[in-house]
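The letters A, B, C, D, E and F name the chains in turn, as written, and every chain counts its residues from 1.
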Amino acid sequence: MKPPIYVINPNSSEVVTAGIDAAMAPLRMVGGPEIRCLTLAEGPPGIVTHFDVQSVAQPLALRADALAAEASAFVIACYSDPGLYVLRERLKQPVFGIGECGVLTSLTLGERFGVIAILDASIPRHLRSYGAMGVMGRFAGELAIGLNVQELAQYDRTLARMTEVGRRLRDERGADVIVMGCAGMAAYRAPLQQALGIAVVEPTQAAVGMAIARVQLGWEGC
Amino acid sequence: MKPPIYVINPNSSEVVTAGIDAAMAPLRMVGGPEIRCLTLAEGPPGIVTHFDVQSVAQPLALRADALAAEASAFVIACYSDPGLYVLRERLKQPVFGIGECGVLTSLTLGERFGVIAILDASIPRHLRSYGAMGVMGRFAGELAIGLNVQELAQYDRTLARMTEVGRRLRDERGADVIVMGCAGMAAYRAPLQQALGIAVVEPTQAAVGMAIARVQLGWEGC
Amino acid sequence: MKPPIYVINPNSSEVVTAGIDAAMAPLRMVGGPEIRCLTLAEGPPGIVTHFDVQSVAQPLALRADALAAEASAFVIACYSDPGLYVLRERLKQPVFGIGECGVLTSLTLGERFGVIAILDASIPRHLRSYGAMGVMGRFAGELAIGLNVQELAQYDRTLARMTEVGRRLRDERGADVIVMGCAGMAAYRAPLQQALGIAVVEPTQAAVGMAIARVQLGWEGC
Amino acid sequence: MKPPIYVINPNSSEVVTAGIDAAMAPLRMVGGPEIRCLTLAEGPPGIVTHFDVQSVAQPLALRADALAAEASAFVIACYSDPGLYVLRERLKQPVFGIGECGVLTSLTLGERFGVIAILDASIPRHLRSYGAMGVMGRFAGELAIGLNVQELAQYDRTLARMTEVGRRLRDERGADVIVMGCAGMAAYRAPLQQALGIAVVEPTQAAVGMAIARVQLGWEGC
Amino acid sequence: MKPPIYVINPNSSEVVTAGIDAAMAPLRMVGGPEIRCLTLAEGPPGIVTHFDVQSVAQPLALRADALAAEASAFVIACYSDPGLYVLRERLKQPVFGIGECGVLTSLTLGERFGVIAILDASIPRHLRSYGAMGVMGRFAGELAIGLNVQELAQYDRTLARMTEVGRRLRDERGADVIVMGCAGMAAYRAPLQQALGIAVVEPTQAAVGMAIARVQLGWEGC
Amino acid sequence: MKPPIYVINPNSSEVVTAGIDAAMAPLRMVGGPEIRCLTLAEGPPGIVTHFDVQSVAQPLALRADALAAEASAFVIACYSDPGLYVLRERLKQPVFGIGECGVLTSLTLGERFGVIAILDASIPRHLRSYGAMGVMGRFAGELAIGLNVQELAQYDRTLARMTEVGRRLRDERGADVIVMGCAGMAAYRAPLQQALGIAVVEPTQAAVGMAIARVQLGWEGC
């Protein structure tokens, strides 16, 4: 039996990890790899700044090192993909970033992807990622809902803002598929898709889905 | 229990379908969706020309229509993604093309993807696809092995040619991940990766892997 | 004397073919190639869906085959360029798609091209074509007038909608040249250009113009 | 009857103009516009440097001004398109540059265009043009034959060099269509295409072909 | 001691040169190169049309030739970079265009640059420059203030228009850094940045800053 | 008098810092900002892996914080630009990365830049940076000299390898300007340029040159 896939939430919020864990339910198959969701205790409560993104790379790497003997893949559950290449260079297992996987998955669901960010300050960082990925030709736009962490707990208000921003991406920027630019928003995916009438990608689910296939195929080792 | 994923080989070669079917083994999980591989009897023995690509779209659509009541997803097992958008517009289920999924998957395994084609004549068609996908900024090159269908049956010779072409893509064009530009070459993936020392993507496996996740997540319906 | 250029309308609407034929008048020169406009009887009344686009490729190819002995060039008179590469691979004569030629011609008339589509559903398909053509860096935007075939017969209403959409492309998206994203709208070109104050390209005329030169030059044969 | 199209050779070499004039023969149709080829007496013997390119813009503009009352279009017969936008801004007639038209025409004949330049020094200037045109995604490469003006008169040697450079563009850079990066090489087009087995575009013919259609259609005036 | 950097204003307006000269104050360092600002007497009062841009290249080159014996670098103080490559090909000293340097400098200050132009007619020319520079992927938009030369003398009105246009670039187009698309607007830089809250680049200062470093480093000579 | 510019070498090798310091000589002007070169004691001996790049971001940020009260700008002297955005988000002073500045500067010296890397493993990371910068359209290629740190101390051997790699970039990839992809190679710049005959950019000098101008202009504060 294969060792588990580790989904590491690099912020220290257990509630976010719990949300991610719940979102994994449909991807847990009897004959498939176990999916274990962990919280990086050393991480900040939320990953907002560039400092946050950089600061979790090292503890993420150490955590992954410690788990490597009994892991079949790693998923970094933050849309900024902190430490993605650090983990890739030191582990023989496949490593997935939810930002990368969310965007790539969206390319199979629409022609131009729009992204809903939490805060404006993250958008330039995300733009650099899309440039580095070479997919700016498919990018429709990215807009932030502008809520802080406490406000995010208010379900109706958050969904309303996500819907509003999603409509602007669809109608003003021409997006025909939406990527949720944050981990752990899985609870909003279905109602948001319902409200917008276009596909909505939850990036952690997208990444774990790709990880499961990779683990089953056993392509690592080169 | 969810209905099966249908992997349709749009050429009429049962041996190709059998090869695809064998390659599905690691993706068949007890709790996951069933994977059924079919041959499009109406298809040509191999899909080589633009005429071949176009001519299978309609029978593929009809076949998918007939299966739709009991299907959870469709995978079109030809690297030229024939009929991909035709099926997408008429089915509520997710539809995957192995060309699209093979390339997108490669973007998580390397910085610049190279492609091994069967014949030179297909390369311009593939280039248009990469342009349409908006990923030319990640494209290293594509080279053909130049073997006809009968010659492809010669395992050692084919592997030698693939290895030679893969080395040129790696050394002369800077590819650090290889996509096999054809369905049903799964038997060559592991030895080719071993010979080249860089990851090799088998596109049908890549596509079915993405399909399994999509089926489990049930994102269809928008 | 050279054989004629065949302009094939791949939908079965004779009225559309008649409109195309009328638009050819200025391109019919005494010493130039004859221009014959045909209707593809097997085609659907209008080419709207991806299925429509794919389904006409084969009858188009057969029709072109039948005409090949006495043709000097072919023009496919549908903005989605159905069957373009199918015809190119089987004919020694040059083959032109009005989508491709309309866009390329617009690049000599302005810096950023905007496109007026009939229906929203065609826009993603057109975007993939522009990506495949490698001209997305010159693309300003594409918007649909959203009229069905019957409504298109209402001249004033159609012109009003085209003018409205053209103004949005010019003012909101920065287009300084407009491509009409459909065959047989030649009757609207001059008044639309008059209303917008920027050049408007009628794609069938653009394509036939390029075809005449190619026939006169006799570059085919490689 | 419409006034003539003026093809202005911006270098002062009458022999180049004579070659251009001869190449116009197939484009002279009884019912089509007259094509008059002129030499810009103020131009340098050949346009090699950036200084040359810039220095001819003003006399070109004055010459075009003087002809404007009796002209239906202008073609600037130098691959660097000197003065193209100067003429476009001051004339109501359409103005074509052979560099722009040569490249756009090549996009209908192959997937990746290669260019044969005369001298290495022109290549960076041409690259900027392709960038400005937004077509770098279709660009295979550009190589110079490295002959001076006197050597160009040696037919066999020049053809041999063009063939050699064309083969490198085809085999090493992946070009499947060649643009001749200079006016007045029409005499080499057919044998070069014969030798290379891929289409070769003579840019002045390409540009005049587009001009004829534009004149016939009478789109100017916006 | 090194010879001076010459900043040449290619229009004939001494008041513009005086404004540029005043803006050089902070870049004049005791141990650094002298900065001399000159007016091109042969230039038009303002550089507006393509004709203007082309027409100053030759007198600029002659002026630079005359100064070359005692110059360490040249800066062409017009956002359209007239004659940039002409000067580069004939001088051993480094030559800078303020358009090029303004945009490159902006790329270190923000993720997407917006440009404030004087007149709409210049925008397509600028777009071609950004395309030639290969930086369209970082371009947010360009809008004109639409004031003529006389109106530009009205400080408050001009600042109000620049602020309004800058806000549109920031809010509607997503610019997070602004380039002033004209020489000699240095007086507006600080208040405009204050009003917009994002960095504003004055391109002549940007170019002279790069020139000083180049002169000190003495990289010329290859 | 303005406070100094701090050039921080994020690896712990004092000899590298000494080389950088020596290279600053021409940029030290009497009336210009002081340039102080520091070694990040917490850094690894050399920055090779992704882990190295990430691990220095936090100590770099703390070091910059400590210096911020008396600094006018910061330059991060590692071609991978570690911590660039971390420092930018927390400091009011301008912050420069030598990778970014080296490439931007090269765009004023040639049409297509080639990069000489130390090790193959860094090249994919650099490619992502160029993609994020949006300048891949100007990129000719990057090749590594493949020497380890000890071997780099051998002057003649290193110069020979750099020359060999530079020639390949120039002749096989079409580079007409070279960027040295590492800090502290200033001693090789002049002889390498001499050997190659095309401009060579030393990135720390390029970055500090841009920093001096920014400090003098005082654009910070928005």
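Some points to look at:
Methods note: a residue touches a chain if its C-beta (ideal position, glycine included) is under 8 Å from a C-beta of that chain, and two chains touch if they have at least 3 such contacts.
In this text the structure is predicted, and so the values were computed from the model without any measurement.
Where touching is counted per the definition, the chains common to chain B and chain D are C, F. Rotating chain B by 180 degrees superposes its CA atoms on those of chain C, with the angle stated to the nearest 5.
Interface chain B/chain F: under half of the residue numbers present appear on both copies, so the contact uses mostly different residues. Matching B-D against the pairs in B-C, B-F or C-D identifies B-F as its interface repeat (over half of contact pairs the same by residue number).
Averaged C-alpha coordinates put the centre of chain A at 26 Å from the centre of chain B.
Chain D and chain F have Cα centroids separated by 42 Å.
Shared interface positions of chain C, i.e. residues touching 2 or more other chains, are given as 128, 131, 133-134, 136-137. The chain pairs satisfying the stated touch condition come to A-B, A-C, A-E, A-F, B-C, B-D, B-F, C-D, C-E, D-E, D-F, E-F.
Per the touch definition, chain B reaches chain D in the complex via residues 123-124, 127-128, 131, 136, 141. Every residue of chain C that touches chain D in the complex is listed here, in rising order: 26-32, 94, 96, 100-101, 104-105, 107-109, 133-138, 189, 193-194, 196-202, 205-206, 208-210, 212-214, 216-219, 221-222. Every residue of chain B that touches chain C in the complex is listed here, in rising order: 49-51, 54-55, 57-58, 61, 83, 85-86, 88-90, 121, 125, 128-129, 131-134, 136.
Chain B meets chain F in the complex at residues 110-112, 137, 174, 176.
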